[in-house]
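My structure is below; once you've seen it, I'll send some questions.
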Amino acid sequence: MNSYSDAVRVGVAGATGYSGVELVRLLARHPRARLTAAMGSPGSEPRRVRALARVWDDPIAPLDIDALADGCDAVFLALPEQASAAVAPELLARGTRVFDLSGAFRLRDRETRRQWYPHTPDAGVTPVYGLTERYRTCLAKSQFVACAGCYPTAAILSLQPLVAADLVEQPIVIDAKSGVSGAGKTPTERTHFSECHGSLSAYGVFSHRHAAEIEQELDVPVTFVPHLLPIDRGILETIYATLRPGITEADIVDAYRRAYAGSPFVRLTGSELPEIKHVTHTNFCDIGWRVNESRRQLVVVACIDNLVKGAAGQAVQNFNVAFGFDEALGLN
Amino acid sequence: MNSYSDAVRVGVAGATGYSGVELVRLLARHPRARLTAAMGSPGSEPRRVRALARVWDDPIAPLDIDALADGCDAVFLALPEQASAAVAPELLARGTRVFDLSGAFRLRDRETRRQWYPHTPDAGVTPVYGLTERYRTCLAKSQFVACAGCYPTAAILSLQPLVAADLVEQPIVIDAKSGVSGAGKTPTERTHFSECHGSLSAYGVFSHRHAAEIEQELDVPVTFVPHLLPIDRGILETIYATLRPGITEADIVDAYRRAYAGSPFVRLTGSELPEIKHVTHTNFCDIGWRVNESRRQLVVVACIDNLVKGAAGQAVQNFNVAFGFDEALGLN
Amino acid sequence: MNSYSDAVRVGVAGATGYSGVELVRLLARHPRARLTAAMGSPGSEPRRVRALARVWDDPIAPLDIDALADGCDAVFLALPEQASAAVAPELLARGTRVFDLSGAFRLRDRETRRQWYPHTPDAGVTPVYGLTERYRTCLAKSQFVACAGCYPTAAILSLQPLVAADLVEQPIVIDAKSGVSGAGKTPTERTHFSECHGSLSAYGVFSHRHAAEIEQELDVPVTFVPHLLPIDRGILETIYATLRPGITEADIVDAYRRAYAGSPFVRLTGSELPEIKHVTHTNFCDIGWRVNESRRQLVVVACIDNLVKGAAGQAVQNFNVAFGFDEALGLN
Amino acid sequence: MNSYSDAVRVGVAGATGYSGVELVRLLARHPRARLTAAMGSPGSEPRRVRALARVWDDPIAPLDIDALADGCDAVFLALPEQASAAVAPELLARGTRVFDLSGAFRLRDRETRRQWYPHTPDAGVTPVYGLTERYRTCLAKSQFVACAGCYPTAAILSLQPLVAADLVEQPIVIDAKSGVSGAGKTPTERTHFSECHGSLSAYGVFSHRHAAEIEQELDVPVTFVPHLLPIDRGILETIYATLRPGITEADIVDAYRRAYAGSPFVRLTGSELPEIKHVTHTNFCDIGWRVNESRRQLVVVACIDNLVKGAAGQAVQNFNVAFGFDEALGLN
């Protein structure tokens, strides 16, 4: 797909899942990457993936760590957290650069991590939290990136500039809605078409691991309630906070503009609120807001595609920064 | 459809819209009502409604006030607010009992009403706010009922017992999601299939009339943000509030149980949160909740079918109470 | 739910599946039935069904043949075919009247049945094929009814009057589209929301058991191709045939009118073709048609709700006829 | 977006519709094109298109023929047929190369064209029918391309090799299903979300213009029935024909392989039938088939994305061939 002699040799583990398929698609046409391996989970049955016809036509073989370590400069892990927890340290020990899309290594605090991800070992290498817009400098040349979760990506991009500038007060409410692909590809009663279609449900109230991830990055408590939307892909988060006394809409606008001046994938939509349809199949995070100054109410709405900016696209964005490429390479 | 010699003669105005069709279906099989008229809006083209085949096969003629006043003891108005504003006073003046599904007469405060419903005149008769569970006593024998709006129904049923018992603190956030039928039957770019399908959007932030209606009934300010869900019918509201110090989950449970002990259409689901699919095509309002006592966070989730409990079903429920029938008659 | 001292005691086996839930709903409010048992499959875990709240609040216990035989005059089997094959003969032997919704006993020819339903034994009692409109006389007083399949119901009601009157020539093509609930409640990759939403697929070409059922009832070969629609419930079949020389649209109309003059659940829509939305949640089969006489082309479109007229509703309709009640009792 | 000094200057007329937006996206990143104009219809209101944020941020101004003729080497018309009928001849007269996506100029027979497209004048230049796989040679250097319709693209690609090799007999049935974006962006009752969601309907039986287009290219009569699917984009066609005596599956396979050996956008899937989800957002036409030799039945299933291979993508594919570029340039 490209003719660079110095292309980075990349591999994908977990290539049959929804994020994995998206990764294979992105990397197969990435101008500076050469996709040398697309594997499944450890022990998975080899299978062709119809969604990858003409992109990767070979069967997706089970994960082979030796082959990945030998044949790839960088490996993307789109695996269940437990598999990532086992595989990442081995690859890192052999010098491979690792971009992990699971939650296994995202939480820095050992106690918190043990609570939510009990299978995660010490990886040997300290991971960088892979939210590109926030950790660009750390990502450069990093060996190990724990890519941000889908819900946290939209939440942190929306809230971090406001919290950092001390513009908002508690409580902060994040009402999040996600398409069903966010629940993964394994069939369950919850993801059965007839159970989702024409319906909506909340889940994981006070018990979703992404709340811990958001609180780690914001360093303030939040109330986070995810919902399962009857769509395939896309996340919309409606975020509520109280403005500190004296804060105006201009302060909000200013904070966002400064935060994202150099960020090609954050689109500030102002009072024209984002909609999921405008971000699906893109790596954009759209952020809009409405302010009621007299009541000191702030409502922020943010949208991403959970499989792109919330997973595969962001991983490639992190990869670009880590390898010194243009941040947007292969993502337009 | 029934053989009572003393059946109440009822009519529906606005029978071609989504709520109107639902009303015709409910009233056609109501054991104590005889549906004598199903009309459109003033000046509408006569048209057969395929969704009413074998229920009401005649063309729906344009609204004829004389015919309604002469042929009906009670008339249900499923009209745009401006048409209701014009029609209701005339019917009331002729002694007809009126159940208005529009918002025209819901707001009691004259200034607030003028702001949101500038076309509404003094109706001559003071309307009862038609949320059955809250105004049963007033509804009995009332001549004029301004049936509660769809969003307010779920919001008020969820919040009123908690606010009345002083269990929660400000701010109160209502994140509401509605199916597209809530936007009515007139085709618009916003309700075009390709614009809604696979997407989600927020709208009416700080500018939706239902916020005023909710605040009227709760007598406290709320932050209300509605969203357009890619489903046909159903509303889910996720409601956030802070518990007052010392308030426990038991207090919440107790408040709800006392409030709805005698209410056949409120189902308290406790920690098993409601989902839209369980209420569609029913008159139920399902209410569930989760409490985090240490953080004093309360999340309430409520679901209704916007066309039944949020419109036609509730109107019939009000009708039942107003005429002294069993509240659930014709609604199971 | 009713006060008849002579109510028929009925039971449902398989009450947790989609057809079973629909059966429980219909029978719980049937004026001449008393629902005494709602059970699962043999060996199933007891579980409450949220979709049945306020209709059947007890846990659905595993199937108990003795309890069914002792406590019910009639039992509806909404079980997988193998379970029906095992349970039906036992109930019949004890004198219970059985309405089987599975395919186990629908095929009369032993060889054909062995091919498609290898687990089906001789039931001891000859089943009546449960397509009410076609077998009303046989159904009266029958002990055992093998209710018609969902696809065959629409196909046979559409084609049988035309084939019987010798109006059409080969080949006959049935292009059928069904909502996902037709595939049952067990989660599979095929019924995963993200695999169905926004897509359409054909399946079972030349290998679907319903083709044999349709050919049995029509006694002519058909080409039958089902498709999986991204909706929950409803079937639309587009049927193509060639008119015999000299046959006109009037002949088609005449054949349909004579066939369905006394059938409350067949609505002939003429050239205004049926749509799924007009039959969902009803027991109607809508049939419309278009004729191009010069080219001798006939297109018939038929719609049903696969869970009502294609399953639970039709079973109740059969039950009504078998017990001598009005055919439409409890179905409006 | 590209650095070729010799880039072709291209313009899009009708850039606010669904096909137009897709065209702008494709052309904006096409390596050999420079998008110099994106205009609306004649007289349209200037408006920004949110779906084009960061791709084309200027307002889409009303169509200006002079500006198009002066500033563009090639113009793509994604206009209603009547607008195309008026605009195309003017541009052609000024030497611009025109790729028309409407149906205005597709029918060669004057009488047939007058019947279906009464507004179409003589364009002055004879158009090439723009189905790339079939008219590659004619397309090279052509000035005027009448790009194939969405339904005809899938139908002709599926049937032409079989008809040309005389493998199938009459009657030929094309049961076609399309997503709602095929009906265009103008809001109508038919495309209202609540009218499509959860439903399916047939339309245009014996009266759809695409039937004439298919028959022109195949030179045999077909029975064509389109349906409106509750999805946004994608077409699936199920095609039925009778095999001529002696014809085997191997003959079918052979015909397809020979026809599409050099076609990058036709994927033959054999007995694994195509599904819409595998072609959306791509320029592929997937074709699969099942044969019952003993009954001489053939079923072919074909899928495309109606906005890509059925509209914008195919137009770009035609453009590539017309300008001597690689057929797949900018389309992967």
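Some notes on this structure:
Each chain carries a letter (A, B, C and D) given by its place in the written order, and its residues are counted from 1.
What we mean here is this: a residue touches a chain if its C-beta (ideal position, glycine included) is under 8 Å from a C-beta of that chain, and two chains touch if they have at least 3 such contacts.
Just so it is clear, the model here is predicted, and its values are computed rather than measured.
When the contact pairs of C-D are matched by residue number against A-D, A-B or B-C, more than half turn up again in A-B. Chain centres here are means of the Cα atoms, and by that rule the chain farthest away from subunit A is C. Averaging Cα coordinates per chain places subunit B and subunit C 36 Å apart. Separating the CA-averaged centres of subunit B and subunit D is a span of 46 Å.
Computed centre separation for the pair subunit A/subunit B is 40 angstrom, with centres defined by C-alpha atoms. Counting partner chains per residue, subunit C shows two or more touched chains at residues 195, 197-198, 230-233, 275, 277. Interface residues of subunit B, counted against subunit A in their complex, comprise 171, 173, 175, 177, 195, 197-203, 205-206, 221, 223, 225, 227, 229-234, 236, 238, 240, 242, 273-277, 280, 290, 292, 295, 297, 299, 301.
The residues of subunit B lying in touch with subunit C in their complex are 29, 50-51, 53-54, 197-198, 267, 272, 275, 277-278, 281, 284, 332.
The touching residues of subunit C, when paired with subunit A in their complex, are 18, 179-181, 185, 187-189, 191-198, 230-233.
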